[in-house]
Structures are given as C-alpha cells and as structure tokens.
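Presented sequentially are two complexes of subunit A, the first with subunit B as partner and the second with subunit C.
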Partner chain A sequence: MRTRMPSTPGVVVRTAGAVMVSLLFLIPLLWVVASSFRPGNSAFGYTSPFTFEAFVPLGGDVSNYVALFDGYFVRAVGNSLLVAAATVVFGLVLSVFAAFALSALQFPGREAFFVVVVLSFLIPFDAIAIPMSAQFRDWGLANTYVGLILPGLANGFAIFVLRQFFLGIPRELLEAARVDGLAWWRILWQVYLPLCRPALVGAGLMLFLSQWQSYVWPLLIGSDTEHHLAPIALANLRGQLEVNFGQIFAGSVVLTLIPGLLLLTFQRHFTDSVAATGIKD
Partner chain B sequence: MNAPRTVLARRSEPVAGPVAGSTHRGARRRANRSGQLLTALAFLAPALLAIVFLRLVPAASAVVASFQESGLGGGSGWAGLENYRFLFSDPSFVNTIVVTVVFNLVLNPLTVILALGVALLLSERLPAAGLWRALVFAPVAVPVSVSGVIWSVVYQPDGLANGLLGMVGLGEQPFLTSTTQAPPAVMVTVLWVAVGYWMIFLIAGLKDIPRVYYEAAQIDGASPLQQFRHVTIPLLRRPMAFVLVANTVGNFLIFAPIQILTNGGPEGSTNLIMFDIYQLAYRLGDLSLAQTEVVLLMLVMLAVVAVQFKLLAPKE
Partner chain C sequence: MSNPRSTRRIGRRLGAIAVTAGMCTLAACGGAGTDAEGGSGETVTLQFVHPEVAGSFDPLVKAYEAEHPNVRIETTNVPFDQLQSTLQSRLGQGDTSIDVYTADPSRIPGIVARGQLLEISDLRDEAEAATIPSAMEPNIVDGSLWSLPIWTSSQYLYYNPDLLAQAGVEPPTKDPAKRWTWKQVTDAARKAQAAGAEHGLLIEQVNRYYQLQPLAESLGGGPGLEGDDLLTPNLTNDPWITAMNWYQDIHEQGIAPRGIAPDQMGPLFSAGKAAFYVGGPWVIPGWKEEGATFGLAPHPYFAEGEPTTPTDSWSWGINPNSENVEQAKEFLRWAALTTEGSLATIEKILIPPTNANAFDKYVTRLDESVPGVTDGAGDLMLHELENTAVHRPPSPGYIQFEEMMVNVFEDIRNGSDVEDRLAKAEDELATAFSRLR
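Presenting the complex of A and B:
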C-alpha cells in the first residue's frame, strides 16, 4: 500500500480527494481574506445571492485595515505581541531549567519530580482560571501585564519536549564537561542549549501559540480596555451595536496571519516537536 | 536572563566542587546523587513555584469554596456538601452535564476519525502532497476564538453558509438560532481548527510504522483494507490514544466559541460546562456554586488524564 507508487487511477482518485478536502478547509479562509478588502458590510453582496467573486479579493480597498489602526485594536494586538513574547522568553527559561534538572541531573526522586511537574501542568489551566482570577485580583495583578503573562509560563508540553531532547544528548559530553570543572549552569548554557536549537524553537513556538490563542484568562483578568488582548478586542468588535463586518474580517486576517507566518517559518520544528511528544515509546 | 544564571551559579558551584574531587566510584555516585539534589531544586524552583501558585493554590481554593455557603453575598459559612446536592438537583445543571457529555461523545470520536481520514489520505504519495497538507493545516493558525468570530459571520442569514446552500437550491437555514442546528454548528468551528492540528500527530505516527510490515502483509496477499486493519490500526494505537485524550481534555474546556456564537443557547442547547461556570461566576456572582462546578470539572479532567496514562502505558 505504501511501498510502491500506486497505480494511475488510484492516484487520480486520491489526488481528487486531497484537492476537495483541502478546498473544504480553505474556503472559509479564502472568503475571510477576500471580504477583508470589501469596505463596510459590502461583502454580503457576494454571498446573498452567492457569486464566486466572494472568494476573489479584487476590486476592494484596504479601508478596513486602515480603520483598525484607530487605536483600540492596534493597542490590543500590541498587547498580545508583548504578552506572547514575554511568555516565550520567561517560559523558555522556566522550561529549560526544569527540563535540565529532570534530564541531566541525577538525584533521588527524579522520576517522581518529573511526573509531578508534567502532570500538574497537564491539568488544564482554563479549568481553574476562575478561582485563580479571584486570587490574582487579591494579589493586585488584575489589569497588569504580569497578571496576563504569568499563567502562560507553566507549560508541561514545553518541559516534556525539552526533556526528551536533553535526554538524547550523549552523557559523555556531560561527564567530560564535569571533569573540566564546568559549573552546571555553564554545562546547560554551553553544552546543552547549542545542541537543542530545534527543540528550543519548537517549545518557544508552543508557548507563543498557547498565549496568542488564550481567551478565557485575558477575559477574566484584563477587564479595562487598555489591557485587552487581540482576541478579546476582535470579539468586542463583533458585539458592538453597529457591527462593521469589514473590520471583523480584517481583524481575523491579522490575528491569523501572525501565528500563520510563524508556523510557516518554523513548520519543521513544530512537526518535529509534535512527533517527540507522548506518542512514541 | 542574567540574574537567575548568577544565582544558580553561586548555588551550584560549592556543591559541585567536592564531588568532582572524589575518586572512589561508589562514594562518588552517592555524593553525586544527594549533592545534585540541591542543584536540581534550584533549577526546578521556578517550575515548582509555578505549580504551587498557578495550579495547586487555585485548585485548593476551589475545593474550599465549594464547601462554603453559596449566594450573592458569597457567604463564608460552612455548607458541607450542600452546593453539590443543590447542583445535582438543579435541572439546568443537569442539562449542562448532559449537553457537555453528548457534545464530547460526538465531537471527540469525530475529530479523531476525520483527522485519521485526512492523515491517511495525505500521507500517501500524491502529486503536491505537501501543498494539500499545508492547506488542511492552514486553519490551525486561526485562534479558536477567531474561528468562533469567523463562523458567526459564516452563519449569518446573509452569510457564506446560506449563500452556498442557496446556490445548490437549498433554503435558508437558521443555524445558531435552532436548538438542533446550533450544537453541530459550534462543532464545525472547533473541527475546522482541530482536524489539521491532530492530523500532524497522526501523520507523524503513520511515518513511524516500518515499511517492512506492509511489505510482509503484501507478500501474504493482504488487501489494502486488511493491511489497514491489521497493520496500521494496531501500530497507530499510541498516537490515536494520545490524540483522543488530549483532544478530549481540550474539548471539555470549550468556551470561546460558545461565548461568541451562542451564549449557551438557544434554550441551553449549547450550554457547555465552562460557559456555565463563567455565567455563574460573572453574571450571577455565585462564586461558591461556580467553584463547585470547577471542582467537578477538575475531577473529570483528572480521570481523563489517568485514562491517558493507562492507554499509553508500555505494553507488557
């Protein structure tokens, strides 16, 4: 089934299937992109009644994108970028430290620590977001960037991926560095990290995406408009009394394009780290 | 980044010194193991702090709150199991449970089956296979809340869905305002993003199946269907179990599409538990009751993770 190049009719049928399936997934995106160039609510002129021009981004302008630059939405996108970038930096530090301790170091109870760390981070954060938001308010972290960033730092997936990668580094390298009298943090910095760029990129991408997508927590903790993140801002555009759908389309494109470009650039790293998680023996 | 590095260096170096000087192997190993404990704890400190303050403390506070008197004042009196008793006798919470369970029982297997189908189709050697894979994967870049926003416009009376239906001669559908159409309409917004994501995991799993198994099966005269049943499925057990469980955990927590598309309606037909918790806490201000639901949700999540470990445990 997989060994030989399949016979021609089979290839044709399967290729046709592949084309249809991928079009099915692509159609809503095509429509959103095309409609984002149609001012105001004029996009609906192409769906009611439907014409195929609905998928062709021609004859429009960029007024929706210009309108999004009025302050509120741009500020929210900036907030999202800031929060996601900080999450990547600090989240990687936390994850790398934990993964290093759980792979390179040997100490009593290492396996138990590993199970506790990964398991507790696998317990989904959204489930406890509501009790936690009450606590963050007590701690004075409501409507602060620190409050928005903190919960995204602890990512069991990132720790898991990095540890898997660290375990693959030959122990002789570590022993040699120890004999040379290198301190542990230098072993991490000079031996482990340079060998782990792909895993670092993969883990960083995961941290970025999880924070970029988060919705429940920013809704609970960033209630003033100055601290709104982009997904909240987009949902608020939808909730206005007079909805400008052109801007909603344009905003959706912006919110998709940023992680999309990252995924495109680092696709290999993403699929590699996906392949390294949980699904292999 | 500099600060923690120097702190760690100061902590780890005195520990490392005598260990490196030791020559006797057994003694050295023992000294290593306990000596490295302090270093390890220093490296683990940020993660352990995060576990305590971002997971354990809020979880514990939810458990405590669930045993306290509910009501608008957020009473602090001890209520025992009263909140739990109240919830399970409350028809609207029973409806929430039924809706959440049915939703997951339909959506989760459907996600795995669709992801597997697409993975099988696109992992074959096809012209431009990478392109088709990239197109199915493209919606993964769409944040789930944005998917909710996009589909809310698709489902508008004059939106894309009714436009396409009209083109093939079908009448206008109510979608989100119908109790029977709203749940599947919400599922579509989730599936659109999820199928491509889980497909990547399953393609990775498919690529790990050694070719020789298929060659052997072919020599034995196995049909493609038999190969699928006796080679692909058994060897894809771990990736499929992982995808099913990880997907289940995610889908029990669906919130944004509900808040954006339906607000739990119409008539509670899409009132999933996360949305119900949010409503209780922020619309009705009943934190104790909301946290009681949080505790129940956490118990379900723990059970799902426990099942995961059972499913993924190495075969004896």
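Presenting the complex of A and C:
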C-alpha cells in the first residue's frame, strides 16, 4: 500500500528543486529535437544568443528526416539493428552458458575462470581494437556482419551480471532437480532461466547498447559503405567542407529514439528484476 | 517474480529477433572484392577512401565506370576527424582493401616515411604538364612523386553587407591592391558589433594550422618549423608571438567568439550573426541555398607584413599493398590529370581543382555562382594562388606538429599566456621530433 509523503515546505522545495534540475537536463535534448525540424543549418539563426524558437520549432518542417531516409542512413540504421539484434541473441546464449557454468557447476579453477571474465571487461575495448582488427582482416572478416558482431558476443559484464543473479537462486532447487534426475541443460532451461528472465532482459539490453553505441570497431572493420553502422553514418553527415546540422540533429534524434523505445518497452521488466532480486533466498 | 504472460512475450520477441538476425546474418555475410563479370573477363573493384560526405564523388564514379566498364569504384567515407588515425591504423597493418586514398599534402613526407604510399614517378611528366605549378611541389619527396594533387584552396574575407551598412562601414572591394589589413577588419567589426552584429569576425578553421599559419607568415615568422629537415620548431620568434597575441586579443575583446567549433562558423555567418568571415569558396553553394547575404574580398594581412593566404587541399595516393595497382594508378591519373575526371571531382563541391584545364572552367563556375556577388572571385583566387599562397611545411614531423598546434591555438584562444604556451609547444615538439631524426 502506498503512503503519501506529507506536503511539508521542505518536501515542496526539494521536489521543486528536483523538477528544475530535471528540466535543466532536458534543455539540450529539447534543443536537438527542435533543431531537427529546422532545415539545413537554419537552427543557428536562433542561437547566439538563444531565443525561444531554438526550443520550439515554430515554422519548421520535416525535410531533414525526409533527406535522412534517402537510403544510406536508413541502411546504416538497419545494419546497426541487425548487428545489435544478432549480438543480443547469440551473446545471451553465450553469456547464459558461461554464467551457469560459473555459478551452478563445481569444477576446479572455477573462481580463476571468473576472475578472467571480470578482468576481461575491465580492459578498455578501444585499447585492443587496432591489433584485433588486423587479426580479423587476416581472417577475412573485414566488411562482413560476422566481423562486426563477433567481438560483441562475449560480454564479460553480461556474464558477471547473470552469474550474480544465478548465485541468488537457492541451491536447494538445483539439488532437488538433480535428485529428480534432470540433466544440466534441463536444469538451466527449466529451473534457472524461468527465474531469471528479468536478468536476461537486463543483460540483453546491455548487449544491445554496447553494439548500438559502438564506433571505433565498425570504423576499423566495417569500412565499406554497405556495412556502415548508424553512428558512423551519423558522423559522416559532417564532411570536411560541408556540414548539414539539421540532418545531424535529425539523425541524433532517430538514434536516441530507438534505444529509448526499447528501454521504455522493457522498463517494467527492469523493475521486476530489481524487485525479484530483493526477495531471493 | 515476473509475470508469466509478459515473460512469454519477451520470449516471443527474442525468438523473433533470433530468427530474423540469424537469417539476415547468413544472408548478408558477404565481403568486398573482385566480382566476376559474365563471360568477358573480370571486373576489378577499387576501394577509394575519403573524408567527404557520402555521395560527393558519385559523378566521378559514374563517369569513370562509364569509360572503364571493367572497373568498379567503391567509395568509403570516413569521418574527417577519424580519417588520419583510421588510415594509419589500416595501412600500417598492411590492409589490402584500400586502393586509393586521400592524403593531406603536408603529411605526405610522413606517410612516405612510413611506407604507406606507392611511388608513382612514372606519372610525373604527365602530371607536371596537366597541373597548376604550385600544386605539384608537396607531392614530391626526395625527388620522387608519391601522390597527385586533386584540389587546391584559398581563402576570402566574406562580409555581411547589411550589417556593415547598418554600422555605416564601406565594405572592402575585390581588388587585391586594396586588400584590407587585419586592423581595418577588426575596427569595422567593432563598429558592426556596436550597431547590433552579434559577432565581429568568424574564422572558419579557427583552431587549425592551415588557417592560422598565414597570420605568422604575414609578419615574416615562417611556418614554425625550420632546418634542412624541417624538424626544428621555431614558434617563439617575435612575429609568431605578435600574431598569436593578435589572435588572442580578438577573442578576449569579444570580436571573435570563444567556444564555437569550426564547423559551426559558416552556419552562424549565413544566419546573419557576424560581420566578417574568413573562409574558403566551398561555403558559397550552401550560403546561396540558404539565401545568405554576403560579399567577398581578398584575405586580410598585417599592415607591417606581406599578404599571405592558406593553400593546398587533398592529394590522392595509392596504397602500396593494393592488389590492383595498375587499375588504381589509372583511376588516379584519370581523376587528377584529365579535364573530365578533374571536373567530376568538383561537381558536388565548389573547390578549385589542380588540373589546369579544369581550373579554368572552375573559375567561370565560381564567378557565376551568385551573380552580382561572386563575379571576379575566380580571378581573385588565381591572384592569391600565384602571389600570396603559402604551403604548409613538408616536414616528416608535420603530422605531430599539426595535431599539437590545434591544442596550442585552442589554449591561446582561451587565454593561455602566449609566450609560455608557444615555448611549451616548442619543447614538446622537440621531444616528439627527436624520435624522428
């Protein structure tokens, strides 16, 4: 049952302060959205100094969005969706198996393996991207979707999160299942996964976002236009000699909207995940 | 616990994604390379890497493929800010999937030293006959030709006639003999600001050596690098300090704005926010489309010095590891040394080509860009290229130099002590260059 907080002056002031801070964070986003409806570079007519029209696109149009959908950008967004979706699917399979092995199974060196996993996600990917891209080129994986997807699959952080979630499942359940004669893969499928779906959603979103925001790797390995991912296409809207800020704003809105919608769609499962974590054991 | 219905929905969604992703992945895992052309030999696919917006070279590709039916050109645009690092990384790894790429002429000695350009001296005679003379020099290292110049550049002083009229300022003319000094520009800019202009002066590439080198050169300060090998930094001579003090003053006094990135300068000027703008001719088509009001005049200079202007643009070279060297060389030759090819490179970008015949046609096109405004702009550019243009120093350390100078200019623009900052840059450069000797 919900309880109402008393409306004391302190609460009112704090709430008003929180709302003000939230609005301050929204201002840059509002400017980007409004400017995405200003054709070409005309958004700059309302800056320096900023005027009301910088945040309200009165008299604007959708020409930037129309221009974006001319093929190149749409293809790049499609590529990003494909790469991110494939990473979520195959990455989750890998992460689940790894996390299950590192939590439910008992074998010598298990903790050492886990330390390796933890260390793997502490190494900045950008630091190893260049030598790794040489390896991928040698394997003929440059300008292929496999080359773009592969490095995103083994995500140490996703394994870490799932393992911690699996460890929260009472071991008695596992032992009872073993006594009943269930094979390991059925224990995973029928006992662990149904209990951990919210964690799977969390790990899946992590995998999705890691590929959606990826920049250095696709720049090195997905270099032909057909394999450009969305962040590269967005950066390419700015040439050395010409730049169309209206399209850049519109592209930014599109690239923000897609993960935003995804997060909103799965928001409740995140909440479930947090709540469920709290009542285990 | 999670809701079973909602978890089933998640399962269905993930399942659908899995099937789609799997099918798409299997269907789409193709690589680039050589395509067979039914029955009549093989079609070679050349990979060309550049930093312009997608589609900039479509006219070139179309024209070239029409004349060379067995060659396909695939263009790849890499964002300008990441171009050098991406190319260095890929070429350094012996990447064979790049055939032709754009190279900044001032970086060519450094790229040659790394072994990342194919020598093309067999094209030298033809290149010297077809190219405007000043453009060839940066492409020759140790007596050999390593790349072909494609474009060159110069800069104008643009002004907003409405803002100047509002301030009662007579605008400058296109006559190079009546070229304005920087003092005239800043005086007029102040008046325009007093009459309502938001900014007095916008400098297009406000933190890049390309644009700011002429300030010190105008006063006789040299390029900042000296010695036979151009590996001795000299940034603390009086002209450099004077030029940088002026550069700092215009920002401190609010004539030029701080905190605005180079690519936002043009849009601000076309929006009528500034009295003056120093920049290249490539802004003209965009401003025309946006209905901007502008006039143009020669690049300013310091009264106590000589007129100097930025120059050079991209050259194109061949990856030594290319598997299609002959086809790449022919593509490069056609784009740089034939009138048709050279004109195709500038069909979408209003930048001067280095091909002499194409340059003449470009001058006409530039003059006719905005009737009543750009008339005579071509002659003015020719005058600048022949008389006032200063090349950037062809030093093997130019790559480090240019990257370091961006920080130096930004620091000075934002208030660092000029002499201290230049001295610090000299020390840092000396350390960096010691590894190159």
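Quick note on the criterion: the second predicted complex is superposed on the first by the 242 of 281 C-alpha atoms of A that agree within 3 Å, B and C clash if a C-alpha of one lies under 4 Å from a C-alpha of the other, contacts with A are read in each partner's own complex, and residues count from 1 in each chain.
Here is the rule we use: contacts are C-beta pairs under 8 Å (C-beta built on N, C-alpha and C of every residue); 3 or more make two chains touch, one makes a residue touch a chain.
This one's a predicted model, so the numbers in the text were calculated from it and none came from an experiment.
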| item | value |
| --- | --- |
| Touching partner for A:F44 - first (subunit B), second (subunit C), both, neither | both |
| First (subunit B), second (subunit C), both or neither touched by A:A183 | first |
| Contacts of A:A134 with subunit B and subunit C, given as first, second, both or neither | both |
| Which superposed partner A:G168 touches (first subunit B, second subunit C, both, neither) | neither |
| Subunit B versus subunit C as contact partner of A:S223, first or second or both or neither | second |
| Contacts of A:P108 with subunit B and subunit C, given as first, second, both or neither | first |
| Partner chain in contact with A:R238 - subunit B first, subunit C second, else both or neither | both |
| Which partner reaches more residues of subunit A (counting touched residues only), subunit B or subunit C | B |
| Residues on subunit A lying within both footprints (that of subunit B and that of subunit C) | 44, 47-49, 89, 130, 134, 219, 235, 238, 245 |
| Touching residues on subunit A, where the partner in the complex is subunit B | 1-3, 5-6, 11, 14-15, 17-19, 21-23, 25-29, 31-32, 44, 46-50, 54, 89, 93-95, 97-98, 100-102, 105-108, 110, 113, 116-117, 119-128, 130-132, 134-135, 150-151, 153-154, 159, 178-179, 181, 183-186, 189, 212-213, 215-216, 219, 231, 234-235, 238, 245, 248-249, 251-252, 255-257, 259-260, 263, 270-271, 274-275, 277-281 |
| Subunit C residues within the subunit A interface of the complex | 1-3, 6-7, 10-11, 14, 17-18, 20-22, 24-25, 28-32, 47, 49, 51-56, 74-82, 86, 89-90, 93-95, 97, 198-199, 257, 260, 263-264, 266-268, 270-273, 280, 282, 286, 289-290, 349, 351 |
| Subunit A to subunit C touching residues, read off their complex | 40-45, 47-49, 72, 82, 85-86, 88-90, 92, 130, 133-134, 137, 140, 142-146, 149, 194-195, 197-198, 200-201, 204, 219-220, 223-226, 232-233, 235-245, 266, 268-269, 272-273, 276 |
| Contacting residues of subunit B [partner subunit A, same complex] | 1, 4-5, 8-9, 12-13, 16, 20, 32-34, 36-37, 39-41, 43-48, 50-51, 54-59, 61-62, 65, 118, 121-122, 124-127, 129, 131-132, 135-146, 148-154, 156-160, 162-164, 166-167, 192, 195-196, 200-201, 204-205, 208, 211, 214-215, 218, 224, 227-228, 238-239, 242, 246, 249-250, 252-253, 255-256, 259-260, 274, 277-278, 281, 287, 290-291, 294, 297-298, 301-302, 305, 312, 314 |
